[in-house]
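Each structure below appears as C-alpha cells.
Shared between the two complexes below is subunit A, which pairs with subunit B and subunit C, respectively.
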Partner chain A sequence: MSYQYPKAYSYPPFFTKQPNPQTWQSQLQLWKDFIIDWSKFHRAYRLNPTSDIDLFHNQTIDRRLSPQVIDEILKYMTDNGSGEFDSKEFVIYWKSPEEWAESLYKWIESTGQISRVLTFKELKNAPDFNDIDQFVLRKAIQVLSKRGKAQIMKVDNVEAGVKFF
Partner chain B sequence: MSRLGLASFDKSAKDAKQFSDLSSSLNQSRFKELANQLEVFQAALLQFATEHRDEIRNSPEFRSKFINMCHTIGVDPLATSANTNQGGSFWASLLGRDINDYYFQLAVKVVEACRATKDKNGGLMSMSDIITYLGNSNITESDIKNAIDSLHPLGGFDIIEFGSKRKKMVRSVPMQLSNDQSTLLGICQNIGYLSKTIISDNLQWNNLRISSALEDLVSSGLVWIDLQATEPRYYLPMLF
Partner chain C sequence: METVHKTAGGRPELAVGETSIAMHAGIALYIGDSKTPAFEDGRSYLTDRALYYINDRAALGLPLRSINAAEYSAGILTRSAKITVRIDASGKHKDILQMQWKWVCPICSHVNTADLAADNDNIDITAQRPCVVCGIRSPDTVKASRKPAEIGSTDGATCPRCTFINHPSMPECEICGEPLKSRNLAPKLPPDSFKAILNDQQLHDFSQVTSIRLSFRQGGDKPFYSKLQSALRNISNCNSSTNLATETSIDTGRSTPRLGIHALEQLSLQQRAQTSAILSGALGDLDSLMQHAGKVVEVAQNLAKQMAIAPEGIVPKETQERFLEQASAMSLAVPSSISRNVTSNAHGYYREIARDLAEFLSLPQNSLRNTGGIMGLADLYASYNRARSLDLVSPHDLLHAVEEFKNLDLPVSLTTVAGVKVIQSEADARRAQQNLLKILQECPGSSVIQLAIKSQYSTAVVSAHLQILEDAARVCLDRAPTVLQYYINEFDSFIISRETISA
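On to the complex of A and B.
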C-alpha cells in the first residue's frame, strides 16, 4: 500500500510560509501532523533536513519547502515534544519516548524478565522494537530509569545492558 | 411612662429586641416585595413576548430589539425556562420547539465548524465546505442559512455572496470586506487562484490598487500566498 498524501500536499501555498501569524500557526500544525504521519507510515526514525525527500518536495506540482522553513517547522516540533535533533539529523517521535517506554515495560513484565539484565540487542525482541532507532531506545530507557524501573548496567565502563525493576 | 430602678435595664434590652424584630420583619417584607416585583416582571415579560410572538418571530429588527432589551435587564432569553409546562426554554417555546431546536443544534455545529477552521481561512467559510466539514449530506445550503439566521439576534455571523457564481460564504469574524476584496475573491473562485497579471488582465486597476487589495487579503488570512511560481499566486484556503 502506498502512502496517501494529505490534501494539503497538493496545495501550492502549503509550501510557502504564510505571512499571517495565525495562518502560519495552523500551517505549522498541519506540517507537524503530516511529518509524523508520513514517518510513521515509512517507519522513518530520522530525517536529514538537507536531503531532498518527497516529504518536503512535491515534484508533481514543483513546490518545495525552503531550508529556513524546514528549520522553523522542526524547531516547532522540538518545542512540542514531537522530535529532536541528534547532531545533524532530526529524530521524529511518531511514538513519544513515554509511549515506547510503556510498551517496552509491558513486554518485560508480561515475559517475566523483571530483575533480569538484557542486552540492548535483546530489547529489540520486544514487539514493534525490531527496527527501533538506538537514540529513541535510549530515550525510552531514560524514561524508565527516571521512574526507577530500569538501570543501565556497565561492564568495564561500557554500557552492556539494562536491568529492569 | 419611664421606669426607674432595675426595671429600666430590662426595658432597654426589650427595646433593642423590638428594634431588631422590626428590622428583620422590614427586611423580610422588602424581600417579599422584591420577589413579587420580579415575578410580576417575569410575567409581564412573558405576556409581552407572547403578545408579540409573531413580530418576534417574523421581524428580525423587532427580535433583535427584544433580545437587546432582555440583555440590558440581564435576562438571557435562550436560558430562561419560563414556560414550565412545555419544559423548553422561553425562546424555544415562543418560536415553536421542534423546528427551532433543529436549527439551534445545526447552528451550534456551524459555529463549531467555523471556529475550528478560522485560523486557516480567516473566518470566511463556504457553505459547501461547511457541509463537507459536517459530513452530513442531508444538510442543504438553505438549512445552513436558517441556522445562521437563528444566530442573528446574537450577532457575529452572517452570509455573504460574491463572484459570478454567487457562492455563499459564512462569515464568522467581524470584518468589512471592501468592494475590491470581494471582487478579487470572486475572481479567485472562478479561476482557482489570483496573480497580478490575472487581475490587471481582467480589471482596469493600477498596480497600487492591486497590491494593496492583495496585501489586505493575505494579512487577514483570507487567501494563502504561493511564492514559488513565476509571480506570486494567491489561493483561497482549502478544507484541509
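On to the complex of A and C.
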C-alpha cells in the first residue's frame, strides 16, 4: 500500500507561509500532522532538513516549501513535543518518548524481566522496537529512569545495559 | 413650523434655487416658553428662504416669511446664548409661500407660473415677470379670481382661465391645467395639519407654535444671529420691492402733474420702476435659465438611459460611448451650496463637506456599488471636485471631511486597507467581497488581474478586498513561481476532515 497524501498536500497555498496568523497556526498544525503521519507510515525516525526535501516538494503541482518555512515548522514541532533536533538531523516523535517508555515497560512486566539487566541490543526484541532509533530509545529510558523504574548500568564508564525496577 | 425631509446626508432638502447662508451645530431647540428643550444637540441651517433645525429625531423647517422678529439674548455663566424667533402662526404667510398663479402667455400660449403675494382672493398680475419662453410681458391689468371655477349648470366645467368647457370628471383644465372645482373630489387635508412624529410615537403639532428659542451650546451665536437678521431683511426687501413695482405701474397709468415736487417725485418713482423692471426682467431670464438647466439635465439623463438600452447596431458604438460619457458628466454637475464662509468654524465645515460627500455618493451615477464598494481618496477627490466644477475643495479639507464620517453615522466610512486610506460603503463592500469569493470558488488560484477582469472592479479595489478577506482568514495566498495567486481558505476544513477521520 502506498502512502495516501492528505488533501492539503495538493492545495497550493499549503506551500506558502500564510500572512494571517490564525491561518498560519492551522497551516503549522496541518504540516505537523502530515510529517508525523508520513514518518509513521514509512517508520522514519530522522529527517535531514537540508537533504530530505522531497517531503516538502510536491512535484505534481510544482510547489515547494522554502527552507525558512521548513525551519519554522520544525521549530513548531520541537515546541510541541513532536520532535527534536539531534545535531543536524531532526528526530520525529511519531510516538512520543512517553508512549515508547510505556510500551517498553509493559513488555518488561509481561515477560517477567523486572530487576534484570538488559543490554540495549536485547531491548530491541520488544515488539515494535526492532528498528528503533538509538536516540529515541535513550529518550524513552530517560523517561523511565525519571520515574524510578529504570537505571542505566555502566561498566568501565561505558553504558552497557538497563536495569528495570 | 413644519416637518421637512432630510437628505441621505442628514441635511434639509432644499428647494430649487434655495441657497444656504449659515449652518451651526450643537444647538438645543425650545418650543414656546417651555423651560426644557424639546430637542438637544441639533444643527441649524439658515437658507435664503427658511430656517431649519435638524437632529437625529426631528427635522423642522420654518419659512423666513413667517418670522415676525428674531431677538438675541447673550449667555450668562452657565446659560448659553439664545436666539428667540417669534413666528406669525396665523397661516397668512404660509398661503403667500404656497400660492402660485398660472397665466397663459398671449403670444406663445406657454403656461407660466408666478408666485406672488396677494390679499384676499384677488391678484393683480400687472407687476408680473415676463413669459419664461418668449419674454413678453402679460397684458396690462388683469383681475382674476384665485378661487377655482365653480361648475356651471352646463354638462361640463368651464375653465376660468381659458374658457374651455371641460368634461365634468376632469379635476383640472385639459388645455391650461387650471384646477377646476368638482363635486366629485374628495376633501383635501387642511394644509396646517403637519405633524411631526417623534421617537416615542407622540404626536406633536408644530403649526401653532408662536415662538422658538435656539440655544447655542457651543458658541457661534453672534455670527449666526447677524446672518439671520440680514436674511430676514432680504426677505422683507423682496416683499416691499414687488409692492413698489405694483404701485408704480398703476400710478404711471394716471395723468401726472408735471410741475413742482410732485413731478420730481414722480420722475424718481418712474426711474425706479424702470430700473426694477430691467432688473426683474434680467433676473427672470436667469431664473428661467436655471429652471431649464434642470430640465436639460433630465433630458440628458433620459437620453442616456435610452442610449444604454438601445439595441446594438442602431447607434455606432463610439458615438454611444461618447454620449454616455458626456451625459454622465452633465448630471454630475450638481450645484453644491457649501463653501467655507457658510459655516461658523472649520470643524462644522468639514462635517458639512462630509454630509455633502455622503449625498454625492448616494447619487446612482456615483454609487460605490459600481466600483466594488471601495474608492480611493484620490478618485473621490477627482470625481467630487469635478462635480463641484469651480468651487473646489482642497485635499486637506477633503481628508478632514472623510475623517468625520465615523462621527456622523453616514452610510459611508473611512477605513485603512494595507496602509492606504479608502472610503467604503459597508453593504456594497460586502457584496463585492461575496462576488470575489464566488469567482475564487469557480476558478481557484486566480491572480489579482484575473479577478479584476472577471469582477469588473479595478485592480486596486480587488487588492484591497483581498487584503480584507485575507485578514478575515477567508482567502489564502499561494506564491506561485510567476504570480501571486489566491484561493479560498480551506485549512480549517482540512483540519476538521482530519479530525473526523481519526475520530
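We adopt the following convention: the second predicted complex is superposed on the first by the 163 of 165 C-alpha atoms of A that agree within 3 Å, B and C clash if a C-alpha of one lies under 4 Å from a C-alpha of the other, contacts with A are read in each partner's own complex, and residues count from 1 in each chain.
In the analysis below, a residue touches a chain if its C-beta (ideal position, glycine included) is under 8 Å from a C-beta of that chain, and two chains touch if they have at least 3 such contacts.
Everything numeric in this text was worked out from a predicted model, so none of it was measured.
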Simultaneous placement of subunit C and subunit B on subunit A, clash or fit: clash
Is A:36 in contact with subunit B, with subunit C, with both, or with neither (first, second, both, neither)? neither
First, second, both or neither for A:15, with subunit B first and subunit C second: both
Once both complexes are aligned on A, which of 41-49, 131-139 or 203-211 in subunit B overlaps with subunit C? 203-211
Do any residues of subunit A touch both subunit B and subunit C, and if so, which are they? 6-8, 11-16, 18-20, 22-23, 26-27, 30, 62-63
Note: in the complex, subunit C contacts subunit A through residues 445, 470-471, 473, 476-481, 485, 487, 489-492, 494-495, 497-498
Residue numbers on subunit A that touch subunit C, as the complex places them: 6-8, 11-16, 18-20, 22-23, 26-27, 29-30, 33, 62-63
Show me the residue ranges of subunit B that touch subunit A in the complex, using the header's touch definition. 118-120, 122, 193, 218-221, 224-229, 233-235, 238-240
Going by the contact rule set out above, which residues of subunit A touch subunit B in the complex? 6-8, 11-16, 18-20, 22-23, 25-27, 30, 62-64
